[in-house]
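Look for chain A in each of the two complexes below; its partner is chain B in the first and chain C in the second.
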Partner chain A sequence: MTSQRQDLVLFSNQSVIPSIQDEQHRMFLITSTGSSGPQWLINAFVETHSKGSPQSLNGASGRNTNTNNDNHNVMTTILSLVHGKEHYTSNFQKLQINSNEYNIVDCMTDLVMKQIPKYQGNKLKLLQSIVDQIDNNTRQVIILDQPEFLLSLVAGLTADELFNHFINLIWRKCRLLIINNNVDMFQDGVINDNVNRDFVEFQRFVTMCHYKAAVILNLRPLATGHAKDITGTLKITRGGVNWDDEKSNIHVVENEYLYLTEKDSTRLFYG
Partner chain B sequence: MSFRKRGEMLNGGGPGGPGAMRRTLPNRGGVLPNRGAAPGRTSMAPPTADNNNRIPVRGASNSAVSSVGLTTGMNKLNINSDDAMQVDESDNNMELLMELNHPGVRPSTVSANLVASTGCFDLDKLLSHMGLPLGHSLLIEEETTTDFQSILTKLFAVQGVVHNRLNGTGDAHKQGNTHVVFISMNQFMAKELPGVYKGSRKEIKKSKIKEEENKLSVQNLANQESKAQPTRYKDLKIAWKYKYNDESSGKKHGLDDNNDLTLSDDYKDYTSQFDITSRLLPAATPQELSFISPMQPVPTILSQLETIIKKHKDKLIRIVVPSFLHPAMYPPQMFSLPNAVGLLHGLKSIVKKHSNRTVMLMTLSKEPLTLLLQTQIESMFDGIVDLEPFPQEMLQYLEKIYKGQPNKVQHGLVHLIKLPVFSDRGEMHHKHAEYAFKNGKKRFEIEEWSIPVDDGVDDGSDKNKKEDSSNPQRQEAQKQTKQAVDF
Partner chain C sequence: MSSSIHNPVILLKRVLNLTESSSFILCLDTVAQTSSGVITEIVHHRTSQSNDNDNILIYVSFNSINKPDWATHFVDVNAVGGVKKATELIQSYLPSAKEPVRGLKKKSLIVIDSLNYMARTGLSQFIASIASPHATIVGTYHKDLPESLSHQSRQESLDNYPSALDLLQFMATTILHITPILPDSIDNSNELQDHLDTLNVPRGLNNHTFQLLLINRRKSGRSLTYNFQINNKTHTYDLITKKDQMEAELETPEMLQDLTTFNLSTSDKQKQAKDQVNLPFLEAQQYGSSGGAIVYEYEKDDDYDEEDPYEDPF
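Moving on, here comes the complex of A and B:
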C-alpha cells in the first residue's frame, strides 16, 4: 500500500490543542469501540498538553504539528470509570510524562463496594462527591473515560441528570473537556429490537455529547477484522458547537486517517 | 530418560529441597504417563544444578528466592520502586514470592506480564500470551443454547486445583499455592471437575510397566547401563536421523512450536491435559475451592470475595463466574443494569486491586441479553472470545466430508474479539471466523478454520471411470465410436 505518513492535526493552524485565548469552555468527543480502544489518542492529548505536541505519534516526529507551549505547569486530569490508576500511570511513564503534570481520579476502584452504597438513594450527592475529587483550575484539561458507565451503575440516573449534575460541573472546572464514549451498541446501524428506557438514556447522553462537542474524533476498527498493516480509521469532524475563537481565527479541519497501533506506538496515514 | 537420574532426584530432593517444586500429583503415581514417560521427551529431567542456574526463579529454594529472586521479580514486573513502597511491603513480598515459585505462573511470550494457564493449551495459545495475564479477566461468550463454555470453565477451575496439589503432600490441600473461587449457585461443580488425562489404555499399561522397572531392585540396577542409552538409537535406525522421534513426541503434546518446546521444559506443570469423561479424584475440597452465591446483594458478594482473597494471602486466586445471568441461577433483579454491570465493575476492581495474584474467567450465553447489557458486560473485560457452534446442517456436512474420521469434525467457530493487554493499548485483534473449535475427550482444541472441500463429485467420476474400465463391452463400443470419428 502506498500511503503518506501524516501527523495528527485537528485545527487549521496545524495544532492538536490550540491555545485558548478567551474564557470559553470547549469539549472534544472521542467515540470508540471495544476493539478500537482510544488509549493512544488519550496519550496523545496528554502529551500535547504537557509537551506541546503528540511526540509519540508517528515515531519521534510531530515535526509538522504546531507546538503549543503555553500549558507548562498546567495539569491534565483523567477521570476514569473503566481503568485504575496504574493503567494510566504505566502509560504516561512510557511517554516520559512527569507525574506532577497529570492527576488521575480513579473512579473504578471501590466505586461499587464503597462509594455507591455510601450514597444509596441519593444519586446526585454521589455525582457531586466524584466531581469534588477534581481540583479547580480553569486552565487544566480534563479527560473523562467512559462516563456513560454511571448510567449503568447508578440506579435510576437519567442522561439529563448525568449531563447537568456531572458533566457540566466538571466542564466548568477546565477550559477543555475531552470525553471518551464507547459506542459499540450503535455500530453498523444496528437497530435494537429491545429498545428500553436504559437504551434511550444511553442514546440521549451520547447525542448530547455530540451536540456540545466542538470536535468529534471517531475511532472505527477495520471492518474486515485484524490486519497487520492497519488497525482502523480515525475520522475527525466538527461537532455541534463551532470553535468560534475570533482572536486566533482558526477552525476544525475535517479529515480521515488510517492508523496502525502496535507495540506501544501508533502511526497515522492518509488512506 | 535415565533411571539413574530419577533415583538421584528422589534421594537428593528433600522435602524442601530443589526438587520439591517439581513434584507431581500423588494420585498420578509420581509420573504423568502422557507427559513425562513419552520417549525422547526431556521435560522430566530432574532439576539439576544446571537447571537451577538457568531458571533461578523456578528451581531455587525459598531462601534463595527471597534474596535474589525478589529483585529479579521486581525487574521482571517492571514495578516502580515508589509505587511499590505504597503497597504493604510484607504482602507484596509474599505475592512476589508466590509468583516466582508458582508452577502455574510463567512470563508471557509476547509482553512483560506474568500469565496463568486457562487449563486449555489451545486457548492459552489463542490469547497470544500462552495464558491469561495476572490481573486480567477473560469473557467467553456462546451464541446459542449449547454449553461448550462449561468445558472451558471446568478446565480453568480444575487447572487451579491441580496446581494446588503439585506439592504432593497431604498438607498441600491446606497450604497449597492456588485457590479457586466460584461465583455460582451450582455447588456440584466441585464434584464435576474433570480428572487429569492419563493416556490411552496402551499408554497406561506401558506406564505401569515402567513404574515397576523404576523400583529399586538388583535386576533393574543391572539393566540400568543398557537402558541409560535412549531407546531411539536401538529402535529407530533411520527416523532418528531426521529427528522424527523427538519432534513427534513434542507434537503429541501439542508443543510443535520450537519456542514452546524449549519453554515447556521449564514450565512442564504449567498446563495439564484433562479427560473430560473422568472426574478429579479426590474431589476438590473447601480448602481448594470456595463458592459465593450470586443470590446475595452485589456489595455482599464483593466483600465476601475480598475476604477470601485476603484469607488466602500467598496464593494465586482464580475467580470463575460460570454461566453469568443464566435464568436458572440468577434472580430476575440481577438482570437490571445496576446489578449486572455493578457486579462486574466490582469484580474488575478487585481483580485490578490484587493484580499480582488474581485472574478471572467468566462465561456467558448471549441468548437472553439485550444489546445494551451485552456491550456493557463486554466493556468490563480485558479479553473476549466468542464461541459460535455450528448449526445442525453444517455438522452433517462436516461429518459427511470427514467420513471415517470423526475426530476431525469441528463443532463451531471461535471469534476473537479482544485480547488482554493488547486491546487496552488500542491494538485491534478482532478475528472473525478464523478459528474453529472441537471438543474431544482429551482436549478442547482450537485450530485455524478453513471450509473443507467436498470432493464427493470427484469420487463419483472416479467410480464411473472404474466402472468403464471394468466393463469390456463399453470399452469395445468406445473404440468403435473413436474409429468412426477418425474415419
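Moving on, here comes the complex of A and C:
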C-alpha cells in the first residue's frame, strides 16, 4: 500500500476525545457489522483516554493527534454484552495499558444462566443490578459494547425501557458514553413487510442512539467486496446533537478513512 | 396585524419570535437534520431580545439527561416520575391562566424533546393540559423513529385511532418540516433515504444550513406555506421560491462532468447557436386563433398539377 497513513481525528482541534469543559453528558455512537468489527476502535478510545492519543494506530505514528492528558489516571469502563473479561484484558495488555486504568464489567458470562433467572419477571431490577456494577465517576469514559443484546435476551424489554432504565442511568455516571451497535440487520435496508416486535424495538433503539449521539462512527466493509489491502471503511459524521461546547470552540470533523487490520495492528488511510 | 402579513420572512421571524399567535409549534425532523437548529434559533430570538428575569424557558425531556444552558427549568419526565407528575411541574412553572395576558411581558416557552416517547392515546391530553394562554409549546416529533409496538398494544381496541403524527399535525397551529440540504455526494432524497435505511449516514448532514417548510394555520382556517433556507449561525432566512427550485433542477455543465470520458457538456457559444436554430413547424403555431392553417412552401422539384382536384389540399 503506497497511500499515506493518516491519524485518527474526530475534532477540529485534532483530538479524538477532547477535554470536556462543561457539565453536559456526551455520546459517541459506533455502528459496526460482523465483518467490520469495532475492537480496534474501542482499543483506540481506551488508549486515547489512558495515554492521551491512540498511539498504537498506524504503528505509533500519531504525530498530528492532539495529545490530551487531562484524562490521565481516569478510569475507562467497558461494559460488554458480547465478550468476556479476558478478551479485553488481552487486547489492552498488548497496548501496554496499565490494568488500573480500565475496568471491565462482564455482563455476558452469567447473564443468561444466572442473572436473568435470578430476576425472573422483574426486568427493571435486572437492569439496575448491571448499572450498579459501574462506579460513579463523572470524569470516566464508559464504553457499552452491544447493549442492544438485552432487547433479545430480556423478555418483554422495550427500547424505551432500555434507554430510560439502563443507558440513561449509565450515562449519568460519565461525561462521555461510547455505544457500539451491531447493525448487520440493516445492511439490506429496512424491510417493511412482516416486521416483528423485536425488529421494531431494535430499530427504535438504534435510531434513538443516532439522535442522542454527537459523533457517529460507521464501520463497514468495502462496498465492492473483499480487498487484500483494505479491511473496510470508517466514516465519521455528525450525530443528532451538536457538539456545542462554547468554551473549547471545537466541532466534529467529518471524514472517511480506509483501514487495514492485520493481526494486532490497524492502519488508517484516506479513502 | 398578523393577518396582513404578506412577507414570508417576516412571518417566519414572528413564528420564531413567538409573537405570532401560534400556541403549538410542531417540529418534524429526521436523523438527517434534527430540530436542534430550529430550537436554537427560537431560543436565540428569545434571549437576544431581553435579558429580563421573567423569561420562562422550560425544557421537557423524555429521553435526554442534559439540561440545555438556556433552559430556566428542566423537566426530566422519567426522573420526576412520569407524565402526570411532569404535567403538574410544568403547570407550576407557568403563570396562572387567570392572569391577564396583557399583564405579562413575554410568553413562556415550553420545548418538548420529543413527543415520540408518549403513547398516541395520551398525546392530545398531555398537550391540552400544558397549553396556556401565556405559553407557546414547541414539540419535536422524529418522523423516522418507528412507533413502539408496546405503545400500540395498549391501543388494540382502538383500530381506527389516528397515528401520532396525524394527531399532532391536526393539533399544531404551525408545522415546521425540517430537511437537510443534500450534500454533493447525494443526488436526491431517495438516495439519501437508501443510505439512512442501511444506517450509513452520509457526510454533510445535520448542518448549520438547512431547509424549512413552514405551514402556518391562520385563524380563518387558511394555511400559509413557505419554503426557507435557514442558516442558524448567521441567523439568515432565505425564501425559496418555485422558480429557484426549478432552476436548481435544471441541468448544469457541472452535473455532466466526470460521468464519462466523452464531453457531454455544452459551452455558452454552443447553447447560443442551439437557441438560434429555427425548428420546423414553429410558423404554423403563430397563426394562433385562425386554427388549423397548413403552411406549404413549394420547392424547386415539386410536381404540381393545377388540374388535379386532389393535388391541392387548400
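Rule of thumb we're sticking to: the second predicted complex is superposed on the first by the 263 of 271 C-alpha atoms of A that agree within 3 Å, B and C clash if a C-alpha of one lies under 4 Å from a C-alpha of the other, contacts with A are read in each partner's own complex, and residues count from 1 in each chain.
Please note the rule applied: a contact is a pair of C-beta atoms (placed from the backbone, for glycine too) under 8 Å apart; a residue touches a chain by one contact, two chains touch by 3 or more.
Computed from a prediction, not measured in an experiment: that's the story for all the values here.
Asker: Does the chain A-based superposition show chain B and chain C clashing or fitting?
Answerer: Result for chain B and chain C: fit.
Asker: First (chain B), second (chain C), both or neither: which does A:Asp132 touch?
Answerer: In the superposition, A:Asp132 contacts neither chain B nor chain C.
Asker: After lining up the shared chain so the two structures overlap, which partner does A:Thr158 touch, if you call chain B first and chain C second: first, second, both or neither?
Answerer: second
Asker: Taking CA centres, what is the chain B/chain A/chain C angle in steps of 10 degrees?
Answerer: Nearest-10 rounding gives 120 degrees.
Asker: Once the shared chain is lined up, is A:Pro38 touching chain B (first), chain C (second), both, or neither of them?
Answerer: A:Pro38 sits against chain B, while chain C stays out of touch.
Asker: Touch test for A:Pro117: chain B only (first), chain C only (second), both, or neither?
Answerer: In the superposition, A:Pro117 contacts chain B only.
Asker: Touching A:Asn218 in the superposition: chain B (first), chain C (second), both, neither?
Answerer: Touch status of A:Asn218: second partner only.
Asker: Kindly classify A:Arg172 by the partners it touches after superposition: chain B alone (first), chain C alone (second), both, or neither?
Answerer: The second partner, chain C, only.
Asker: After superposition on the shared chain, which partner residues are touched by A:Val206: those of chain B (first), chain C (second), both, or neither?
Answerer: The second partner, chain C, only.
Asker: Just to confirm the geometry: in the superposition, how small does the C-alpha gap between chain B and chain C get, in angstrom?
Answerer: For chain B and chain C in the superposition, the minimum C-alpha gap reads 14 Å.
Asker: Which chain A residues come up in both lists, the one for chain B and the one for chain C?
Answerer: Residues 190, which sit in both footprints.
Asker: Under the touch definition given earlier, write down the residues of chain C that touch chain A in their complex.
Answerer: Answer in residue numbers: 31, 34, 36, 40, 63-66, 69, 78, 117, 142, 144-150, 194, 197-207.
Asker: For chain A, which residues count as touching chain B in their complex?
Answerer: So the residues of chain A in touch with chain B come to 34-41, 81-84, 86-87, 89-90, 93, 108-113, 116-117, 146, 149, 151-155, 182, 184-185, 190, 192, 194, 196, 198-199, 202, 221-222, 225-226, 231-232, 261-262, 264, 266.
Asker: Within the complex, which stretch of chain B touches chain A?
Answerer: Per the stated touch rule, the residues are 78, 80, 83, 298-299, 302-303, 306, 336-338, 341-343, 345-346, 348-349, 352-353, 355, 370-372, 375-376, 378-380, 384, 416-418, 423-432, 434.
Asker: Quick one: in the complex, what on chain A touches chain C?
Answerer: It is residues 22, 24-25, 31, 158-160, 163-164, 168, 171-172, 183, 186-190, 197, 200-201, 203-204, 206-208, 210-212, 216, 218, 220, 235, 237-242, 254-256 of chain A that touch chain C.
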